[in-house]
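Just so it is clear, A, B, C and D label the chains in written order, and each chain counts residues from 1 on its own.
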Amino acid sequence: MAHVVLIGNLRQYTGGVTELDIAAASVRQLFARLTEKFPELGPHLEDGLAVAIDGQIYQDALLEPIPENSEVHILPQIAGG
Amino acid sequence: MQERVKKDPEREFRVVGTRPIRPDGADKVTGRAKFGADFKMAGQLVGKVLRSPHAHARIKGIDVSKAAVLPGVKAIVTRDDFKDQGSEFVPAGEMLVNYRDVVRNVLAREKALFEGHPIAAVAATSEKIAREALRLIKVDYEVLPHVLDAVEAMKPDAPVLHEDMITAGVTPPPTKASNVAKRIEFVMGDIQKGFKDADVIVEREFNTKPVHQGYIEPHAVVASVSEDGSAEVWVTTQGHWIVRAHCARLLGWDISKIRVTASEIGGGFGGKTVVYLEPLALALSKKARKPVKMVMNREEVFRASGPTSGANIWVKIGAKKDGRIVAGEAILKYQAGAFQGSPVQPGCMCAFAPYDLENVKVVGYDVVTNRPKVAAYRAPGGPISEYAVESVVDEIAEQLGLDPIEMRLKNAAKEGTKAAYGPKFGPIGLVEGLEAAKGSPHWNAPLGKNQGRGIAAGFWFNIGGETTVSLQLNEDGTLSLMAGTPDVGGLRASLSMMAAEELGVDVAKVRPIIADTSSLGYNFLTGGSRSTFSSGMATVEAARAMIKEACVRASKLWEIPLDAVTWEDGKVRPAGDNAGKHEAMDLGDIAKIAGKTGGPIVGYSAITAHGAAPSFGVHIADAEVDPETGKTTITRYTVIQDAGKAVHPAYVEGQFQGGAAQGIGWALNEEYIYDDNGRLENPGFLDYRMPVASDLPMIDTIIVEVPNPRHPYGVRGVGETPIVPPMAAIAAAVKRASGVRFFELPMSPPKILAGMKAVKANGGAKATT
Amino acid sequence: MRYEAPDTIDAAVKLLAGEAGLARVLAGGTDLLVQMRSDVVSPDLVVDIKKISELRQVKEEAGGFRVGAAVTGAELKEHAKLPKAWPGLVEAANLIGSTQVQGRATMGGNLCNGSPAADSVPGLIAAGATATLVGPNGRRDLKVEDIMLAPRKLALTKGEIVASFLLPARPARSSDAYLRFIPRTEMDIAVVGCGVSLTLDPSGTCTAARVSLGAVAARPLLVEDAAKAIIGTKLNHAALAKLEAAARAACKPIDDKRGTVEFRIDVAGVLARRAALIAQERARKA
Amino acid sequence: MAKHHVSATVNGDAVEFLCESEQTLLDCLRDELDLTGAKEGCSSGDCGACSVMVDGRLVCSCLVLGVEASGKSIETIEGLSDGEKLHPLQQKFLEHAALQCGICTPGFLVASKALLEKHPNPTETEIRYWLAGNLCRCTGYDKIIRAVIDAAAEMRGA
């Protein structure tokens, strides 16, 4: 199980839920599980969001493995100047 | 003064960390380097843009009939030449872009939304004719009331820019359109409880003005569409793949038809990450069936490109008597300009990032106003929110009688700290930076009369992203390196150094170029301090792929197993008992046999670079304030920042110094000034006051190196963080020099003088805006 | 647009007087070319006066200097005697723009551009300079303070050219100073400018003075009350306070992108005092 | 209106070109003579990127009419090096990493050369004020000033 924390405005798509445990072995699986649970969140997941797995931020990393017992934050993407 | 502070015993580098002359240097000191406006095609036309004189106006009609028949006019485009795009955020590269807005920013459709908004474009045989043609285009405007300021634009009776814009991020969604595009919120812990535990609470409101990236080279493009519909574009940009994507989308063409070559780029700082002229030049060229060159003048650059947001920021911080921060709260209102998409989101995430906090709440508003749409500017969003937070931290330290460095050390984020925006930090160098500041000669030097010293910390995330590098082993053993992230300040030097390091060759043997979009795989743009990190990572991977192939060739030639071959000190060597005796081969030897042993050798890396690590900076500023005129002079300045690993330290220092200089301009004199009609009053370098050489002292640097474990050489991006701390550091210095704390940027002389007089009138001590 | 570069002043006057459309004089061009580029003016005729030798010379005359209107700031600075005699005026002329601009910009152009913030004009006014104008009706002399009437409005008639400035002969222990306030150290237009020229007697008492202010009214000002405040004094504290007050009282500034009314008035006093003290220091050694 | 026929010397070579009355020297250098080393950053004399020498005097070529160049001697960045041998200023700019993007570099080099010809041993402050008309947005000027100081020392020694 990964401990998932939803950052920022995402809770408006989850009925206020900001933290939950989900079994997922990759970012893609995580997104699929989250979409099942919160259909409104689905469309926002693949674009415009980043995933931090145990502190390391990934953008555009659907295939990134999620280790057992890791902490996953879902947060807005970062660009820069 | 240049210094370096290293954390760990590091890998012994041979090339990385030295200061060779950049490979593109000779062309740049002899005037031969070709920048955006230096390219010329035979038969090219001159393209010019007609711009709105009004800040807000409905466009009832555009009559180009007179201009169209002017001899020498070859093409005119207006809104009718571009298909409208739906309102939908789609990824373009890694950026989220709403093409509904992009198409309207390139050419106004229903309304002109800012002074300078493009209305039409003309291609003619000369600049004179093109200008005359612009005068002949008649536009029927219905002038509307305008709004320039975020706070004003949020009021219920403010003129609304987009009649269909409903604030996102609010439940239930509002029923009425407004200028607030989005409300965002970041919450951690329990803010109420935090403030209850506080011994001291300081709450302040700040205002900042929009500032422009100020690159010296105006936007420029040459586009040529050939008879078969394929197009060549030569352009000054931070991301030519992004230019290609936007143009293809706006024009409805296949991406493969457009080949974009990035010229040398004369500064960008985030401002050259969007398209302005490029789609117009392509559309004009297609109509005219000739190449079209378009160059903005300085006025156009100021009126219609960039800048970054002006903002209103409210910050409240609570701390214990010992300086430990127990709660931080902020509300950020950022001007987006005419279309949504201010950097308020990263502003929210950066606000408290330097600190280890349990209870944080940040709310942000993205607000449209009748100004040019903001573009990214160095650490977009961060400098504004961190200026406000750092200023309040400084004030609390002062109230508690704490040294401002000690106050920050007490709260500094370190490895394992949960960042104020959620995830835990990996290894970071903030504590090392603060310690270096504390021990620096600058921090411990005496001050003169009317002088004060300030310090502030700053943070930026840094990013990776899609990156391709190709490394070719030439017949003579030299190497050609193709990268795709435009070189804004020494990238080619760093990449050739990393290739040389990995391959064990002399750096002069590696010739790097920035390839065009048809010659190399996709590259996201130069931005987010990613180019040395990402293209560096891809370069090392490409070099390793080349080494692997060299080993394969040697094993075949020597007829020994691949695992009996090793790469050491720049040579393929037989290794182990079964390897036999063979003469070691360097890349030159391998190059000679390449064709006969399987073909040319190319190392290639096409990756989405992950593992970018944040860079923290600490700046020390000394300011002298003339008590009679309010004029501030920066008398001494030191930048301390974590680079992970400085590949070419001179260019790392250059980033530190350049960011600091821009921050000094932002703090003291740079601002957009509008008249009552919403027209920009200072669209030139005379009255948009960027620092000149005589305004600045030498800028000392201390490079901290806490390696980024996710980069093969430990590299962190360094370009953006240096613009984050200056405003707060200078505000703190001005406070100590003048006795007055200011909450508004720029801290220009009339404001400072008025502030000092007000304090005198009040009998001292009271803070003022 | 027609470009002409005559080599006599009479030819230049004839061209300017005879032009039916818009005619402009080109001296250094550092204002004119900017205005042409940004479509502020579109002249039909430009008369380049740099080939007229009379306008390009600095000559000693009547114990003073006659400075051609088209002499550049850099040339003034390089002159063998002028910087020593009129250090404040030469400084003022060399505050106009960058090193590059100083290589082109002229005092004649600075005056005729008609900006209330022109740096060399308060310098010339403080110096008591007289301008010689040449026009279709011949030559005439005007005090510099009487030439600029309002922003972009001059007391010149059609076809008239400012040919030169006469800087008067001055007694021993005389000198001048010019200070301006700008937010940066260089490259700005004056928010306030102040020129002070004075003469001391052997005891150090100020016997004559002229004080001028720029950028604080619709035209550069000669402030006689400010001069009176220091004449007959050794520029002691009380005299300087009166000088400051007189300078401030003369200001009728506007709020604009470069400064506020309040700020300009405040700083005018500060600059007047500082410039007077510099001029005093210089005069003691002159 | 017929174009003006202008004869001048550019970097020691006799050149001829045609220009309209309104065209600036910068336009003529770039468009008529293909010397694109001088850059247009502002067209108002505020950035110095177009700096050239006219008869030994440092000017912004955007503030000079092309027709004014008639009979004059112009020096541009393209004439700074002696064949393959870089001018000491060029060499020092490279060694000190005194350029990042490089757009302002030609202007800085031309202006610095003019300074060192007049003042072989300038102070830091003198250099900063002399170069105040050359804007650089990348470097914060630090490395540029150091490069000029170093080049001046080398030129005095040579």
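Methods note: a contact is a pair of C-beta atoms (placed from the backbone, for glycine too) under 8 Å apart; a residue touches a chain by one contact, two chains touch by 3 or more.
Given the structure is predicted, the values throughout are model-derived calculations rather than measurements.
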Joint neighbours of chain B and chain A, given as chain labels: none
B-C or B-D, whichever has more C-beta pairs in contact: B-D
Centre-to-centre distance between chain D and chain A (centres being mean Cα positions), rounded to whole Å: 55
Chain centre separation in whole Å, for chain C relative to chain B (CA means): 44
Chain C and chain D: spacing of chain centres that average the CA atoms, whole Å: 29
Residues of chain B touching at least two other chains: 213, 269, 297, 685-686, 691-692, 694-695
Interface hub residues of chain D, defined as touching at least two other chains: 20, 22, 43-44, 46, 129, 131-134
For chain A, residues contacting two or more additional chains: none
Interchain pairs in contact, sorted by label: A-B, B-C, B-D, C-D
In the complex with chain D, residue positions of chain C that touch it: 1-3, 5, 26, 28-30, 33-34, 36-38, 46, 48, 50, 72, 74, 97-101, 103-104, 185-187
Chain D - residues contacting chain B, complex: 20, 22, 30, 34-44, 46-47, 49, 76-78, 80-81, 86, 90, 93-97, 99-106, 109, 124-125, 127-129, 131-146
Complex interface listing, chain B residues touching chain C: 297, 299, 628-631, 633, 668-669, 673, 681-682, 685-687, 689, 691-692, 694-695, 748-750, 753-754, 757
Residues of chain A touching chain B in the complex: 5, 7-9, 12, 47-48, 52, 54-61, 64, 71, 73, 75-81
Residues of chain D that touch chain C when the two form their complex: 1, 4, 20-22, 24, 43-46, 48, 51, 54, 57-60, 62-65, 67-68, 111, 114-115, 129-134
